[in-house]
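Structures are listed in the sections that come next.
In what comes next, chain A is part of two complexes: it sits with chain B in the first one and with chain C in the second one.
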Partner chain A sequence: MTPGAQPYLPPAAAPPLPAAGAAVIGLDVVRLAGFTADACLKCNVCNTVCPVARVTDRFPGPKYVGPQAQRFRSDQARSPQSARPQRVPRSPVTPLSLLEPPARPGGPGRQTAPRPLSPDLTVDWCSGCGFCTRACPAGVEIAEINSRARAVLRVQNAAPRLAGVPLRRRPLRDWALGQTDLLGRLGVPLAPLANAFLGSRRLRSLVQAVAGIHRDAPVPRFAGRTFRAAWRRAGHPLPRPGAAVSVGADGRFPRPDRAVVYFHGCAANYQEPRVAESVVAVLARNGLETIVPDQVCCGLPLISNGYYAEARRKATRNIASLAEWAAAGYRIVTASTSCGHTLKAEYRTMLDLDDPAARSVAGATWDIMEFLADLHESGRLDTQFGSLAGPGGTARPLLYHAPCQLRSQGIGLPALDLLALVPGLEPIDLDHDCCGVAGTYGLKEEKYEVAMAVGAGLFDKIRAVDPARAPAAACDSETCRWQIERATGRPTLHPVEFLAEAYRAAAPSGQRPADGPGPSVDDRPADARGAPPEPGSTASA
Partner chain B sequence: MTPRVLDVLVVGGGATGAALLRDLSMRGARCLLVDKGDFGTGTSGRNHGLLHSGARYVVKDEISALQCARENAVLSRVAAPAIEPTGGLFVATPDDPPDYADGFAAACARAGVACREIEPAEALRREPALRPDLRRAFAVSDGAIDPWALIELNLRSAVHYGGEALAYHRLVGLQLANGRIVGAELADVRSGSTFRVAPRMVVNAAGPWAGRVAALAGAEVTLTLGKGALIVLDRRPVDSVVARCHPPSDGDALVPVHTVAILGTSSVTVHDPDRYAISPAEIAHLMALGDQLVPSFSASRVLRAYAGVRPLYLPRLDELQPRERAGLAADPAAAEALAAGRIDSRRLTRAHRVLDHGPRDGIANLVSIVGGKLTTCRLMAEETADTVAAKLGLGTPCRTADEPMGGADGGRPYWLGHRLAEREVAGGGDADLVCECELVSAGDIERFLDERWPCSLDDLRRGTRLGMGPCQGAFCTFRAAARVGERAGGRAATATGERGLLVAAGGPSPVEIGRVADGPEPPEPGDGPIGPALVDAALVGFLEERFRGVRPVAWGRQLQEAWFEAGVYLGVLGVDALVVDGQRPCLPEDGRAEL
Partner chain C sequence: MPSCDVLVAGAGLAGLTTALAAADGGASVWLVAKGHAATHWSHGGLDLAAPPGTVGGGEGVALLARRPGHPYEIVAEDLPAGLARVRRALDAAGLAYEGDLASPHGRIPTAVGATRPAGVLPGAQAAARAPWRPGEGLLVVGFERFRDFAAPAVAASLARPLPWAGAPRPERVTAVGVTLPGLAERRNLDGLDLARAFDDPSWRGPALDAIARAVEPHRGDGELRVAFPAVLGLADHPAVAAALDARLGGPWFEIPLVPPSVPGLRLYEAMVAALRAARVAVQVGFAVSAAIRTPDGRVAGLATAAAGRPFPIRAGQVVLATGGFASGGLVATADGRVEEPILGLPVEAPPQPAWLAPSMFDPAGHPLEAAGIRTDRKLRPVGPTGERAERGVRIAGALLAGARALRERSGDGIAIASGERAARLALARTVGALAVPSGPVAAGPAAGPEGRGAR
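After this line comes the complex of A and B, so read on.
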């Protein structure tokens, strides 16, 4: 390291691991999400915050489907990992007799109990937004318990598969909604066709009839080229799976204090490369290079649609790739709150991936806004933003919705603070629990109405502000952006896009920030802040 | 009024008495069953709920092992809805004597108790919460029984065959003439009124109270009372019965019963079947035991603790079976005691005995059934009924092992998910739930009250599992009390003996009759001031009962829950200001110093 130069951040250290076998021998069941049900005091707080229970009587609420129902689930009915598919007919409501185990065939020597099936039905209405978990004063991981129970339900209702593709309508739909990678890879090359298809109401009705995706539900348009393709074209390396991380003077990648590793996820790759470009530009403005590591879908859509085994395969690949970077001291940033939450928490709580590698990845992962706020906190953020004021210099309200996946990360609402730094912008927290879509929940034909009712208050708040004053809204989560846009017609962007825009509107970088946070920024060698690469220009081609 | 003539009066409405009422009624006898409390409030309601496969007894008590193995199969067939065929695992841990497992396996083979050794890894796959360093594992046919459901099934079947059963009726006196019982005095403990019946035969199935009932006829029956304490977890860490493969000390096993798991038992000799406490040492012993099976055990939430007494019959010298005599002679200490005319009870079989007091004590029409197990209650009833039928001259053979109870479609075994699945299929929802933890709906409560009114919240609990979940009554008590209040039309009432047992005021005043052999009586209605509303009594009685069980395990999450509950009942509802039976309720606040 250059003498006198400070790294922009201390290298990320993996969180300390408990010594092997330190706590208790055996499976530490108490720490598993399902067993937090033990702590439920029956206080009802979770019921008061559930957005779904608020709008429909069909969902009995978090307390009932979570800790209460958990006591009626055997090990099989609790954990998707040990559940086995059962033959259940295809009626909308499963008759009770089929939920029951067969009568015990009498006679001596029968050694094992009949394997009970899932007793659940209504837990399927849980959207997985996680408000209940965050509100519970006793620490019950209700949303996580529900997710597992839904996954068991899915296993129980499993359809026969052909080459991995389920052959029944709902299972096919749920499976397909989890295949963001596959859809992206098919959709991008055919973007004009696919987008026209998705834009046609007639064809969407057909999709609803065939695949159970509501015809009015928000589905994103495919980009003409993936972010990764654009990145490669611009001459950047794309490390291959398993490629060793080579750092430093003779390596291909800048040192951990000069670069961050970017987990773009699916949406920024296939549908919204402009978000990825904004991330790269904003990082570059702050003297940081972007490394795009090998990655696949984080797996969240698979988890929430009950395909745990496939999610685990994705997770394992991501962990293998990212753990190397984490071990080398790099920060991992993501602008998708779903990916962030998944990398940080769900690999452990949902997929039981709790090894040191998974933990080091979780410890090194930052939401992009969290990361920038941290830079700002330590006085290292370039705050030379240009004004985004409206015509005549009037400050414009920026309507901001904090998505649940961000709230689940327990990092506050960093976007609000950062957007407030931009002259001419007045960020306003819309302060509504949920937009309703909850990933893929609101896309499903049977859930659509519920999802729209959940988000109704949010949409009203947005519609109440004149588009001339507030032409766009902001939200950190892609699915929420699409839902808000679709429901209100108001363009909705990621906060980082506003920051990138504000940087563009400012004087070129290299000038000392007027409200410069301190000498240390200036002390940095020039190359640490060097001219930003211009991926945006190439990638938007 | 001339006393009603009966063929048989059965005293004691536990599992044995209920099975006996069914058996005799099926054979065509006119029978009446009485219990001084609700059915299943004796040992039958205070045990481990383990449907034995016999494996527990194979090494030391082959008679019991064989009986259990047989009855396990029979009950699974005829009483399926009361039974969960969980299967069982006997596991040898590094803490257990290594050679015991070999002897165990050999004894199972010898006794014909189904038992299959499986790889420890397979046992862990089946039950991942078990400690991972298992040495050996054996799969057996243990299961779980809901004793109240079993009693209910028996009683319904008995009633179908013409039997009659009266709860809250105590046998208070027997009239003898010429070596025969000619009359029996029954007291309705709720109203205090008494009446007399004239049974041709009396069967004493009073469990730990059998000595006292026999004494009403002047016969002596000596019981050794072994108290066993158990603790209840709020959920099931295992879905099979898990027991340790070591010499049966306290019968230690973890049994998944309904939504909870029960660990037990300790074993301490007591002298009074009505008065015993659970010591902190017993709780500590049980927690340690739990950790030896499931490592996270003591980190789990313990709901409550309870205890029951095992009525072990101490036979007279002339009643020893040859096999027992040999067993006693084989053990030097026991042989010495035997020579001195004493019997070392640890060497005796745990199996039941039918005592015919005709030849034994010169009381021609009294039979006692003593000892035994929940698992063998049907067999106990069969053997007793055989004796009784012979005396009555009934030729009909026993059919209880052939005819399933619970009807054609109700013959499915219990399944953990049943209640939830039933609700879910009916549309789900929690709007009508009275007890949220155990999913007891208003409809369930009303149905029970329709059948059993007047009754207490505690009766409701046994019938529906009201208040048996993690919150131990925090929400359901006031809701259920309100429904009881509605039923009673707001009449004033007081609580008798057992708190929470309701007596409508204005009923006949109690009459002292006969010899009261049951020791100190609880205060009768009329002793204390009458006044507080029925609802108050129901509320306070039930809360006290629930809290009694929580007190020994009030730490961690259950202590939090107790405080939450105290907030609801003391803080919000001000229940501590109520006066029931002239007393302030004994609720958590009183225990503050202790807690």
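After this line comes the complex of A and C, so read on.
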């Protein structure tokens, strides 16, 4: 930001959220997702947009497992918060397919062996992409109903636990996939070993046999140092809970019009610190300092895997930390669309966290691209981007996939608008519904093939463009980036990384903003970033 | 917040036409909708007007346009241009619709074995309306295990004179069931599942072989026309139709089914493809929650109920194409009021005791069908005494007062004509007038600092 430019104005208090379905039924209770099922017209529109039902017969479609099955769920079965373990009768025809789905995956479109499938148990095949909820003309929160139903089944069929850890194979795996914080804390110190392990196909086969994580599924590599560690080492504070309220008094942090609060989430901390660096650099270029608040995993991986109680503990801690900053007038930005959607919406729709603090966090949270687009629309974005053209100055197509968790935010496709500002880049919307991975869904051995079939059209569109013309793709969500990279071999980056690169291309070396990012914490060589081995390769990283 | 020249609320045919016409005219356009609706429920044809006593669409439109208070009174003059625009988009998608204002309605079969008058028809339904020749028979093909289309029941009904209401009809109607490959191993399928199966060339070949084999024995001495449930491909429908032409060597047509309507989905996808090519920002999934207003109260944009907080979009002109009762553009309350939920516009509606006719099948339809927003000739909402009810907003489609679209079969024509007109009038006020550059990210409009407030 140039001196004298208009300071960035924080938003007023968040306006009240509209009550979903309220226009239909007119009662306050309909704000609970489960009750919106009563507005279902049975029109099948949700089924037309479901990426999973599109490719496999194992999932009957969102209408059946969502609003339709909801009418057969008891009050207790609608609420993950009040669900209790119970014995589920084992039917000789329908085994507990939710907990132990057959390992033999159904091919796209057709299933070889017919078996009776209860709509209630097949809810586990819902990937949670949210297309159904957005397509519904009647306001039924279908994906939310599905997620809650899965969480209830998880509680009712709870595996025995030792020190909190489930003791059956699939529940253990799903629980572990939800522990992104824990995995990161273990993986980063052991990064060389862990990455070699994850890069070995033989060992991945072992992981699949033991833990049920498909050997070809995209698994990210750990960075050698977390973003938070690098940030602290570069001399920046990592405020503890309670720090925000003392901001004004000791002047430790810049005013809310000069800084934003950054929710980095797990991926940018443990696996992709380069994304966090880019966020910091792009904000700095626009005169905004970055504050890195106390935070834990947003909880989405736990929500997706049905572990609501643990997700709620994470959510409560994040809200306690972030609400102080929101109350002080700061905007909270995140470069993870998954974390962003969770902070904005899922704490309320899934976890029933709807108090003033949760609402203030939801109202203050911005996706980084949404935030930058807003800066641009008000004329405050530094648009002095250097060219990212290819050799000879030819403009390069940038293949862009809009992830589900971005579309669920309802903020348009701000990355496309911003990337179009960079000389030499021609962003192209790949216009495909879902890459398939849906967070941790596509990692599971029984769901891997479904996930790959969901994303097949996207991968084809990317492969159709010569890597020499379009050496990289862009996507706002980390798990989607890993899925696309793994499936196509095309390096896939966050859009903010291209903006940071374009700013670097504009500024002669040595003129980077003084308060820019810390030292590079991504210790992989440049050519290894985002270039995982092809499926089938036996080479270790 | 993003800003644009024209902001359209509603993704039915009216909203889609408005957005396309505005974008074609050089405006930057956003289209927002709370969900998919009318297109996905429709038969995929374009019903222009077929009130009782008329023979062709143009005649029907002219008749309705003479009725005081009917939407066609205002928008009929924009129908030819709007229809041409929509058909360009459909042609570009390979759908090649058939018929125009001069075409007679005819009577075409429905999925329950009745018949209905038709307007402009998708190419795959056009053969249903061709005159029946002496000796010509109709063979209704059903697919085993596909429950949304009961070919024997449809054929049995169409074999009787009653459904044809005196119109020319086939000399004989028969049915045949075809076993398509692999369906026995699949889940309970709907029309969309089958359409996607037909999109797969490797499955399509054997399936069309099976169909041709089943049809062949029914070819007697006379000519034969073949009817199929409308599931013959979605994205690759033109290729499926061409392949079927080659296999059958004679006339065939599709009968549209219950939702999800495959012909309606094709129509929607074709229109959205045209919008994308015209760089319209389309966002489905978030209802409009509030209006953005200038200090003097003019509507200068809308906010949608996005995740976490409302997402505001500023616009030089706003067009509401949010539909009637089925789509939520109008809401009837338990205590007898009819409301427009976004802006609280005054609604013209009969008092509750007169909402419904005594007979469900009253030939004149139900008075409540005509409920909606009354506008001036520029489609700007007005109150009961003709005073302007809101500034910065125009109305298009089923939200307009005065039509009984179900009975008149006028809904698609009104949607197209009013969408075309709303866009034309909006363009006159924005593009050039405000000099707002086009593109997804436009400079702020000249509306000045905005104030926000619901209603």
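Here is the rule we go by: the second predicted complex is superposed on the first by the 444 of 541 C-alpha atoms of A that agree within 3 Å, B and C clash if a C-alpha of one lies under 4 Å from a C-alpha of the other, contacts with A are read in each partner's own complex, and residues count from 1 in each chain.
The working rule: a residue touches a chain if its C-beta (ideal position, glycine included) is under 8 Å from a C-beta of that chain, and two chains touch if they have at least 3 such contacts.
Predicted, not measured: the structure shown is a model, and the values here were computed from it.
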item	value
First (chain B), second (chain C), both or neither touched by A:R71	first
Chain B versus chain C as contact partner of A:D57, first or second or both or neither	both
Touching partner for A:A138 - first (chain B), second (chain C), both, neither	both
Touching partner for A:L416 - first (chain B), second (chain C), both, neither	second
Which of chain B and chain C A:C40 touches, first, second, both or neither	first
Partner chain in contact with A:G363 - chain B first, chain C second, else both or neither	second
Which superposed partner A:L121 touches (first chain B, second chain C, both, neither)	first
Chain B versus chain C as contact partner of A:R407, first or second or both or neither	second
Partner chain(s) touched by A:V49 [first = chain B, second = chain C, both, neither]	second
Shared chain A surface residues [contacts with chain B and with chain C]	43, 57, 60, 109-114, 117, 138
Complex interface listing, chain C residues touching chain A	1-3, 30, 34-37, 40-41, 182, 184-188, 190, 192, 196-197, 200, 258-260, 265, 276, 281, 283-287, 289-290, 304-311, 327-328, 331, 341, 440-441, 444, 452
Contacting residues of chain A [partner chain C, same complex]	14-15, 17-18, 23, 43-45, 47-49, 54, 57, 60, 109-114, 117, 133-139, 341, 343-345, 362-363, 365, 373-374, 376-377, 407-413, 416-417, 420, 429, 431
Partner chain B, residues of chain A touching it in the complex	24-30, 35, 37-43, 57-58, 60-61, 63-64, 68-77, 93-96, 99-101, 103-104, 106-114, 116-122, 138
Residue ranges of chain B in contact with chain A within the complex	69, 73, 76-77, 80, 84-87, 114, 116, 126-133, 139-141, 234-237, 239-240, 259-260, 294-296, 299-301, 411-413, 415-422, 424-425, 428-431, 433, 436-437, 439, 469-471, 474-475, 557, 560-561, 564
